[in-house]
Amino acid sequence: MRRKMDKDLLTHLINEVNSMVTEEIKIMEVCGTHTQMIAKLGLRSLLSSKIKLLSGPGCPVCVTEEKYIDWAIEILNRYHVTVATFGDLMRVGGGKGSLLEEKGKGKDVRIIYSSLDIIEMAEKNRGKQVVFLGVGFETTAPIIALAMKTAFERGIDNLYFLTSLKLMPPILHYILKEANNGIHGFICPGHVATIKGADYFKFINREYHTPAAVCGFEAIDIVAGIYYLVKQITQGKKNAFQNLYKRCVKPQGNPTANLLMEEVFNIVDGEWRGIGNIANSSLGINEKYTRFDARNAFVVEDQQVKIRTSCECKDILLGRKTPKECKLFKKRCNPLTPQGPCMVSTEGACTIAYRFGEEV
Amino acid sequence: MCIAVPGEVIELFPPEGRVKIMGVETTVNIQLIDDLKAGEHVLIHAGCAIEKINQNYYNDLLDIFKSMVDGNEKEDG
Amino acid sequence: MKDKVTLRHGDGGKHTSILIRDIFHKHFHNELLVNSLDAAVFDGHHGRLAFTTDSFVVKPLVFPGGDIGKLAVCGTINDLVTAGARPLYLSCGFIMEEGFDMKLLEKIAVSMGETCRKTGVKIITGDTKVVEKGSVDGIFINTSGIGVVQTAYQPKSIEEGDQIMITGGIAQHGTTIAVKRYEIKVEGNMKSDCMPLNHILERLQPYMGSIKLMKDPTRGGLATALNEILEVSGKGVLLLEEAIPIVGEVKSINQMLGLDPLYHACEGRMIIVVDKQKSGEVLEEVRRCEGCEDAAIIGGFLPTNLPPKVVMDTVIGGRRIVGPLEGDMLPRIC
Amino acid sequence: MKDKVTLRHGDGGKHTSILIRDIFHKHFHNELLVNSLDAAVFDGHHGRLAFTTDSFVVKPLVFPGGDIGKLAVCGTINDLVTAGARPLYLSCGFIMEEGFDMKLLEKIAVSMGETCRKTGVKIITGDTKVVEKGSVDGIFINTSGIGVVQTAYQPKSIEEGDQIMITGGIAQHGTTIAVKRYEIKVEGNMKSDCMPLNHILERLQPYMGSIKLMKDPTRGGLATALNEILEVSGKGVLLLEEAIPIVGEVKSINQMLGLDPLYHACEGRMIIVVDKQKSGEVLEEVRRCEGCEDAAIIGGFLPTNLPPKVVMDTVIGGRRIVGPLEGDMLPRIC
Amino acid sequence: MRRKMDKDLLTHLINEVNSMVTEEIKIMEVCGTHTQMIAKLGLRSLLSSKIKLLSGPGCPVCVTEEKYIDWAIEILNRYHVTVATFGDLMRVGGGKGSLLEEKGKGKDVRIIYSSLDIIEMAEKNRGKQVVFLGVGFETTAPIIALAMKTAFERGIDNLYFLTSLKLMPPILHYILKEANNGIHGFICPGHVATIKGADYFKFINREYHTPAAVCGFEAIDIVAGIYYLVKQITQGKKNAFQNLYKRCVKPQGNPTANLLMEEVFNIVDGEWRGIGNIANSSLGINEKYTRFDARNAFVVEDQQVKIRTSCECKDILLGRKTPKECKLFKKRCNPLTPQGPCMVSTEGACTIAYRFGEEV
Amino acid sequence: MCIAVPGEVIELFPPEGRVKIMGVETTVNIQLIDDLKAGEHVLIHAGCAIEKINQNYYNDLLDIFKSMVDGNEKEDG
């Protein structure tokens, strides 16, 4: 019954959207889960062709630097360790291959679902060093912080964290500062906002005069977001901002989670795959927890990785292009032979465009 | 970028709690949530409850739309 | 019987004979098997025969809803069924690691025997190999099968409008296995759909003329199987997301793990392509089969002028491509 | 093609299709295989059919005289031949470890393809599984086979005086493998006897009425096979040690390693039990077959009043029991 | 051609033997390889039933004490080692099972053919300790001595020897001292004599007035030995001794091999399975080489093993009984479920009697 | 108790040598034998030549028998 009502509402909203739009409107969804949901729903096929949905740099796997994967592989090769990781990272290539390939060579790489499982894993395997690969954005960071704090409190001494935790605002500033970014509105990531609060994203409308909405991940959430944004955009309301995910997102987010992050992490510069270094865009490990930092505990060479040049991931991540505008898309570049990070992760914009198509 | 699912809290045994997610039950960490009670709903990411979910699930959303359609929406917060 | 399988059990000598007698002949008992030497001999048939093989390497060996033994028998039965064949005889090749638990082996043999008796299929020839510790992870089973193609059935050319039916809820097997493999601590009414499908074939006898193709969506799941059908037929497939039967638990777990149920193996489901005219009757018939109560028509074939792709009308009425499985399914948190 | 087999090659998706197309379909090419979906379908036969299965786990994968692929095809062909059947169709199930060398896989496929073409046998259905590193030691192959029993042949009751023939020198395969497995550093003209035997069957067509039983002495060797025949026939067997063909190198290596050639696997030899009257003619016929030049009559069946054992008259004229293999064959220095 | 001549000669000799014998004659072959050859040839079936061929304690595997196997298993379980052994020892049970079973549990047990291969194995696996199980009699001892000396000279420090090297004369004295041993003649082990010399066995006739012959291992060697012994016995020549294996055996044996043994080993008491302790019947490792002694390098508990009582191996090894005289033979005791050491090794008297039968 | 086989020395490269044993060739240690030459025969046990074999293979044995049959055998050594 709920579904029926939803579908009517959805159809109504989509029709409204399509009737409102007269000129091309570009909306960027920052979060890879939004990108995936949009593709899974076939939403583009329902929207006017004038509405371009762009996928931003919100797939943590896509933006994880090659060097990070190489570090993990080097640690695996030089030390007698277990590497524990979320499944997401397994396929991603660095300069030296992927963790999936390493596992294929017999290395001890394990997939876990919860970052808290690593506490158990470390406690059960006291004789072996466990290295947890912690990647993600602000949503995942507090959970990794919690794991680190728990390990600290329990005096666990065989667990290390190799982190690549990224922050949203700096990369959005980077995109928004670009004069001709041409993006008319932003769908803000609901789960980052759950932790950091809706206000975390208000700089988008306040500083850059671009409408934005915090959205959840169900069809109605996304369609509502698009409806809201298209309405503001067509009405010229450049300073509009709305939290459409109030059922989870408070203005200030989750204070416990934020305190925890502050205890464990500090803000440092970060390397974004395909984009480069962005100031203050990453979380480093605080001094108190430094003994958990795999980068201190294990000595690995820091090698420069050549970045492929023909791939247009950078432009895609920054909203300048869609996957179909890349010459390699569906040709040389496909999930079997990915040429860039956006085709590697199942959440990458190019993979999603490849798998789910857009128009049929 | 962060898959999360909603679940209903069945039982609490801090630092963990049992939640029901569309017919399946699992145990999640609840240390990020203050004052959690059985019967409440939480959003779960990577084995951890990251926020309570307001029971009036869609109402806020629908309200906003009603207000938008009525033409009197206002900027949030 | 010793409590562990040893290398001697596979050396072809006395221990092998004892193992065969005390476990395999005991649970698979039939005249053809017991009297077979290097090969089993059976009476030939006029018509067309179907022949298939599969190796089973599933981990864990025992899972909610079945075990590797049941799977090995069902899998090959189902491949024969999809060829329109009544399964008659199976071969069975065990490869075991020395030290494998003899009780577990017997449990596996028991479930193979049970499934055989239930379906009237006979294991008439077999082989047992025991390899050194570390050379295999526990046990692998190969079954090959022979069946008689039902005279009324042959695959037919698929045409626009032909309907696609699935005989039950999807992704149950693959999801159950994923939960076990990745040690996801969830509880719920999750079990593999592992089940022999030959009874469906019997029931569909009168409709064989209207059935264009059958296929079991095992590895790679529904999506991959439909893409394979697409390759054969050359005609586009349109799926209706809302029509695809899937139980709530399966949906829920896949959401949690970031996996797509369309790509999970089913081990007791069949895709049936059926003439539109008869599709209602066939659906009713299928739903009468045990375990097929949720059977549904989930889509159909598109005109040839449309691009030959598998597409799906989504729950919100959108349309998207459903490609074959590319790359592994790994649980994600992002 | 990548240079290593990866898990993706076994996920049932695109990589699997590519592997099947580029290696298996390429080297095993035939209409039935290429057109098969879940099962292959072929025309049935009036007469009796034979069905057999074997898994091949040999290490090393490549050895003088063959490789696991050739072995897998020959082994199943030979089991069909011993049932008096003309081998027609094979199934083939690969289980590979991720990281397995793609070139080696192709080499194995090439030798399977070659053996098929040479024998006119077709692989019409197959299965490919790739398991995680460490879950299998390299590659295991299962083949199952179907053949048509030659109308003139059926196993007959064995009587006193019936002759036992072996189609060539014994123990070559087992000895070759032992040398490789235990890394015995010997050089010589040692190679496996691995060979398909279907041509023998063709040649023996006119004598089918006089042939009582056929058996290939694989695992457990000649001694174990004769003990199995003993169990079926209930009649004692008398072997003549001097008559048993065995090449000098094989003898020599077994002496060095303290192993008994009677217990080593043959993979291209057959024991034929034949009516005494026709045994000379049959022997002549067999010796005309390629690779069977050393065929010999090595003994016969004893009267029922003698104890049902396999005994052997030794080179010095003594007589002793030859039991089945009990326990493994390990190289000894004492 | 050679074979034809041999067979005629053999037949001639066997006929002579059978015609000479009027009363029961017991001849013991000490060496397991002789036992095996006699069985393989079906020699008993050709000889008069009055001639009893008894199998002595010359299967090194049969007489290797349970404790020895247990030591090897304990080392495997407690240390990260490779155990290298001749195939012979694999199946032999101690109180804790067999090496074959340990290998079946995934332990690193490797079969080698030449004791010199272990030098290579140790050199190639410097990171792992290799324990070589050296069992045998005087034939094998110099080769193990050579391996130890080579390891010493090359400074190999990851190789250890767990030895159970036994000497022939003490056990023969033990048998011969028994008043009613009833043995009329001895077939002496040709390969022990190759090393130690024919004279090594002259105490048999000189001290015990029992005819003896050193024999090789071909049919003609053994038949010749029996012919020789039966002839001496029937003629009452109690002091007869003959080296019938002159093509390999010198009166004093191989001096190089003996010097080497003296350098590496000293004579110590020895435990014989099923028999017990016999003074000066074993070889211990000399002080110079003590660092190679696995019993020093690895700490293992010395546990008492209960010896099965219903098995008659002791009487068989000492020539008092034949396997068929044991109540368990071919019943509860068979190669699948051996009840005593003589049924465990392929060279054990009971195994051989079981496998090759005697009369048919 | 000690399986040994005879082989003919083909080539010497101390401390090892190549021997031919009934059609197969292998490398054995020759340190226990002094003054070994190619063409000579050795007895091989556990990968090691343990003694030279007198070329007049059976002659000693046959001689002994001849003497025994002739009734004039004498105790050895």
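The chains carry the letters A, B, C, D, E and F, assigned in the order they are written, with residues numbered from 1 in each.
The rule is simple: contacts are C-beta pairs under 8 Å (C-beta built on N, C-alpha and C of every residue); 3 or more make two chains touch, one makes a residue touch a chain.
Owing to the predicted nature of the structure, the values given are computational and were not obtained by experimental measurement.
Between the contact lists of subunit B and subunit F, the overlap is empty. Per-pair counts of C-beta contacts peak for the chains C-D.
Chains compared, subunit C against subunit D: the Cα-based superposition rotates one onto the other by 180 degrees, nearest 5. Between subunit B and subunit C, the centres computed from C-alpha atoms are 38 Å apart.
Rounded to whole angstrom, the centroid-to-centroid distance between subunit A and subunit B, based on C-alpha atoms, equals 21 Å.
Subunit A and subunit D have Cα centroids lying 57 Å from one another. Separating the centre of subunit A from that of subunit C, both taken as means of CA atoms, is a distance of 37 Å.
Within subunit D, the positions touching two or more other chains are listed as 7, 14-15, 132, 134, 184, 256, 258, 326-328, 332-334.
Shared interface positions of subunit E, i.e. residues touching 2 or more other chains, are given as 32-33, 59-60, 86, 100, 113, 136, 140, 336, 347. Residues of subunit B found to touch two or more other chains are 1-3, 45-46. Checking each pair of chains for touch leaves A-B, A-C, A-D, B-C, C-D, C-E, D-E, D-F, E-F. Across the complex, subunit A meets subunit C through its residues 3, 7, 10-11, 14, 32-33, 39-46, 59-61, 86-88, 90-91, 100, 111-113, 135-136, 140, 219, 223, 334-336, 346-347, 354-358, 360.
Residues 1-4, 28-29, 31-34, 43, 45-48, 50-51, 53-54, 56-58, 60-62, 64-65, 68, 73, 75-77 of subunit F are the ones that touch subunit E when the two sit in their complex. Interface residues of subunit A facing subunit B in the complex, by the touch rule stated above, are 9, 13, 30-33, 58-60, 86, 113-117, 136-137, 139-140, 142-143, 146, 189, 191-192, 194-195, 198-199, 202, 205, 216-217, 220-221, 224, 227-228, 231, 239-244, 246-251, 254, 256-257, 260, 347. Subunit D makes touch with subunit C in their complex at residues 7-8, 10-17, 37-55, 57, 59, 78-80, 82-83, 85, 89, 91-95, 124-127, 129, 131-132, 134-137, 140, 142, 144-149, 155, 215-216, 218-220, 224, 228, 232, 265, 324-328. Every residue of subunit B that touches subunit C in the complex is listed here, in rising order: 1-3, 5, 21-27, 44-46.
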